[in-house]
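First chain A sits with chain B, and in the next complex the same chain sits with chain C.
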Partner chain A sequence: MVLGTYKEAISARATDKAIQNVAQDGGIVTALLSYALEEKIIEGAVVAGPGEEEWKPEPLVAMTPEELISAAGTKYTFSPNVWMLKEAVRQYGLEKVGTVGIPCQLMGIRKMQSYPFGTRFIADKLALIVGIFCMENFPRASLETFVDEKMNSSLESVEKMDIGMGKFIVNTQDDELNIPLKETHGYEQAGCNVCKDYTAELADVSTGSVGSPAGWSTVLTRTDTGASIFKDAVDAGIIETKSMDDVKPGLGLLEKLSTSKKDKSQKEIDKRRDMGLPVPF
Partner chain B sequence: MFEKIKRFFGFGKKQTAEAEANPEKPKDDKSSQQEVGKVADKPKIGYFHLSGCTGDGIALTENYDILAELLTNMVDIVYGQTLVDVWYDDENNPYAIDDMPEMDLALVEGSVCLQDEHSLHELKKLREKAGLVCAYGSCAMNGCFTRFSKGGQQAQPKHESFVPIADLIKVDLAIPGCPVSPEIVAKSVVALINGDMDYLQPMLDMAACSSNCGCDLQTNIVNKALCTGCGTCAMACQTRAIKMLEGRPEVNKDRCIKCGVCNTHCPRSWFPEDRIKQDLGL
Partner chain C sequence: MSEKIVISPTSRQEGHAELVMEVDDAGIVTKGRYFSITPVRGLEKIVTGKAPEMAPVIAQRICGVCPIPHTLASVEAMDDSLDIEVPKAGQLLRELTLAAHTVNSHAIHHFLIATDFVPENLFATAVESVSEIRKNMQYVVDMVAGEGIHPSDIRIGGMAKNISELARKKLYSRLKALVPKVNDHVDLMAGLIADKDLPKGLGVHDQPIMASDKIYGKRDFFDLDRFTEIMPESWYDDADIAKRACSTIPLYDGINVEVGPRARAAKFGGFSEKGVVAQHMARAIEMKTYLSRAIAILDELDTSAPVYADHDPRGTNKLGIGVIEGPRGTDIHMAQVADGKTQYYSALVPTTWNIPTMGPATEGFHYDYGPHVIRAYDPCLSCATHVMVVDDEDKSVIKNDMVRL
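Showing the complex of A and B:
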């Protein structure tokens, strides 16, 4: 299945204005984790928090909705959240942990849960794992190249980054700048090129902008846990939804992008195998 | 927490409830015999303690509330110094080694010291007696921190050379960890009881691997264009020798004990996609 196994596909957004104001799209990650915090489904969540430098996120164990909001928005570079899960369980003593991750991070987490060789009692503490759609990720230096060199601006002044309509777009305080997405190709990390997972197929709930209109996110509920927490958040009025059939561009675009990632990575995998290089997929 | 683990491992509800109700059921109890009868092929397991710190043995016993059930009704421990007080003592009874029982599985903890005749003898013998030999924990699998040994210390200054057991005998499966986690022990034993060789396959695949350390992340993953900076290695590292810098693992070699857990946990070293989906119900 091109979108992985899922129960329901739906377009959604957070109803809280405070979340909408800082959200990348529909604010689903922030809203879901906040809801889980307040309902005590989780005691804290590992998220990509603000680092010391701009656009250099660092994993943060968020214990309050305010801390979650401080981490809202897509970063387009590394935040090794999985690393911090152990910290959340050991140092913070959390019994129920939530987190958000891109597909490769979820692969590390899920592998650890199925085969916990060296991880003592971390696997059973993970209560909610939200996945985000991901085509590729960039080293921070690549973001510098896009903004400082190609856009003649400075990474420090960027307030929001986005990818959409074939463009890599940044917003500074005064300007909106962009470069064609084509120009970013070749700057993504090489490890992404063998990844076949666009829609975070191992998440409890996956979400991302593709398929839904501006200000909304597409949500795929996958596990029983994920589906039930999402439904409860909707019932509680934390998240509002629309049918995917009623929104544009709709699920077709998501399927198209997911297929293209799978096809492209398969070509790269074949190429690497021909060279005698190892690929785990 | 343990309820959840038990669900993970697919322990039957009824069986568990019985075990909790009668945690110290005597062996000659009639109902106990009936229960034993239900599991027709209780695997016979031997526990061998070579040059290790007992951490892996402790991990096994840390499955506290399933341990009684495990040891009483699910497996027969037929050899082991700590668990059943059956072991070979060459000084006091040099012939006992020949009485080592046949077993389905030998769990071997610790690397083997080439200057320790007792260990060498025991290792050779267990290979004859066991259907499957498992390098249980990183010391047995790849030497782990005993790789740093140079001898010249008490209690026996001559004890200098410690090697993974696979250097001397054929090993069938390996479970890395320093120590192994209680959960992986329980999951593996349950897989063995259920004949679920699919679950054990990655451990069979790892049997031949007798060298492992944090350097593997650089050579096997980063140098092979596979790293995505997810941070799983840094989470898994049991000595916190790994930091993520610019999205890549930075191994502090002074802290690395060569257990290989980072490389084992990396989703790009091997990836059990089918098992994960099965576990998640996807």
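Showing the complex of A and C:
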């Protein structure tokens, strides 16, 4: 299946205006983790919090909804959340942990749960894993190149980043700048080129903008845990939903992009294998 | 007619050791000798020439029974060599780690001696409470020091991280809830040990006791000038034993001593009993003392205070001394750091102190009681071994030129 195993695909957004205001799209990650926190399904969550420098996120063990909101929004560069899980379980004392990650991070987490070497008593403490759709991820230096060099602006002034309609877009206080997405090629993390997972297939719940209209997110519920927490959050009025059939551009676009990532990566994998290079898949 | 009774290896202890008892016609021990036959670890040589932060990481791997005391003694020695003052909260977290570990370690010992004292109908109860206590105490070590077995977050300069307020409250309430369990367990074990009717005076000896502190360990206590270390060759008057014994003999003021729970209780608690039963009692009572200290630390700990002191790791070649009261006694590590590298490292560990005292302590009673005397010390051999067997044929160490590690 091109979208991985899932129970339900649905378009959704957070009903809380405070979340909508800071969210990248529908605010699903923030809303879902906040709901899990308030309902004591989790005691805290490892999220990509604000770092010392702009657009350099650092893992944050969020234990309040306010801390979760401080971490809202897509960063496009890596936050090593998996690294923080151990500290969340140890010094922070969390016994039920939520986290959010991109597909490659979830591969690490699921592998850790299968083979908990060096992660004793950590894997079993993960109560909710939210995944985000991801085509590629950039080192911070790449973001700096896009904004400082290609757009002649500066990262410090950027308020929001987005990818859509074939463009890499940034919003500064008074301007919207963009470059064509093809100009970003070659600046992504090297591993992205051999990654075949677009929709975070190993998550409890996956979410991302593709397939839903602006301000909404597409949600794939995957595991029993994920589906039941999501359903409860909807029932509680934290999240509102629309059928995927009723929204544009719909699930078709998600399937198309997921297929293209799989195909493109398979080509790269084959190419590397032909050259005798090791590939992880 | 004297006969030799040899128990090799002695059982229900960590590491391999041999108990050789000369007995008279009635089977009474006239001469007891106890010595380590565990292969050498050599960790002091491994850490020499490496960066100082390597020492605690390697030292804790000397043995899986005492990783916490060794890590702590190692960082304390390094702190001293590098002239670091650890922040108060960091010091409290270290003490909390040790207190929790000690309760856990004493509980393990109760499991080891269970077949000596616990009747069948109470066996499951005793083992169950050992497990419950261990689970909770190891949870504390996990939280505070990163890992229960090889703590990753005890660092030179303090601790890697303070614990969160949530963790502090959790640990506090869990340990409070554990108090009745530990009290019942201690009462059960103390009662059973008292009921066992071991011969009066078993294991009593006249050697002095040595302890640095009631709970954590004090480096000022250790006076290097009063300490001497001799080779087993000049200690054991039996040539066969002398060449196979793998631990050096440490002496304080020129004589062998006893370290451990009874020594601490005698020096800091006015405890005057001696011998096997007294050692078991002192150990059992320590479980209560250490648990209440752990709870007190969690009560007073400021979770927002710094726990780590920035420091210059290059060093001035000062001899640093770290003294920790481990479950089995005084654990002393010594280290010198210069040019950012460990120049000298030595570990002087609890059971090493006890080894020369344990053998003679079996004297005067039937050899059947020999193992009881040995187990009362809760010996743990692997860290004690410092001399390498160089001849595999006859298992001997080279006299006088023996390789010291």
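Note that in this section the second predicted complex is superposed on the first by the 281 of 281 C-alpha atoms of A that agree within 3 Å, B and C clash if a C-alpha of one lies under 4 Å from a C-alpha of the other, contacts with A are read in each partner's own complex, and residues count from 1 in each chain.
Convention: contacts are C-beta pairs under 8 Å (C-beta built on N, C-alpha and C of every residue); 3 or more make two chains touch, one makes a residue touch a chain.
All values derive from a computational prediction rather than experimental measurement.
Of the two partner chains placed by superposition, only chain B is touched by A:278; chain C is not.
With both complexes placed on chain A, chain A has more residues touched by B than by the other of chain B and chain C. In the superposed model, A:91 lies in contact with chain C only, and not with chain B. By the touch criterion stated above, A:63 is placed in contact with chain C alone, chain B being left untouched.
Looking at the shared chain after the overlay, A:120 reaches both chain B and chain C. Under the contact criterion defined above, the residues of chain A that touch both chain B in one complex and chain C in the other are 86, 120-121. Residues 4-5, 59, 77-78, 80-86, 95, 101-102, 104-105, 107-124, 137, 139-141, 189-195, 201-202, 222-224, 272, 277-281 of chain A touch chain B in their complex. Those residues of chain C that touch chain A in the shared complex are 142-144, 146-148, 153, 161-164, 166-168, 170-171. Taken in their complex, chain A has these residues touching chain C: 43-44, 61, 63, 86-87, 90-94, 120-121.
Those residues of chain B that touch chain A in the complex are listed here as 1, 4-5, 8, 175-178, 180-184, 187, 202, 220, 224-232, 234-238, 244, 246-247, 259, 261, 264-273, 275-277, 279-282.
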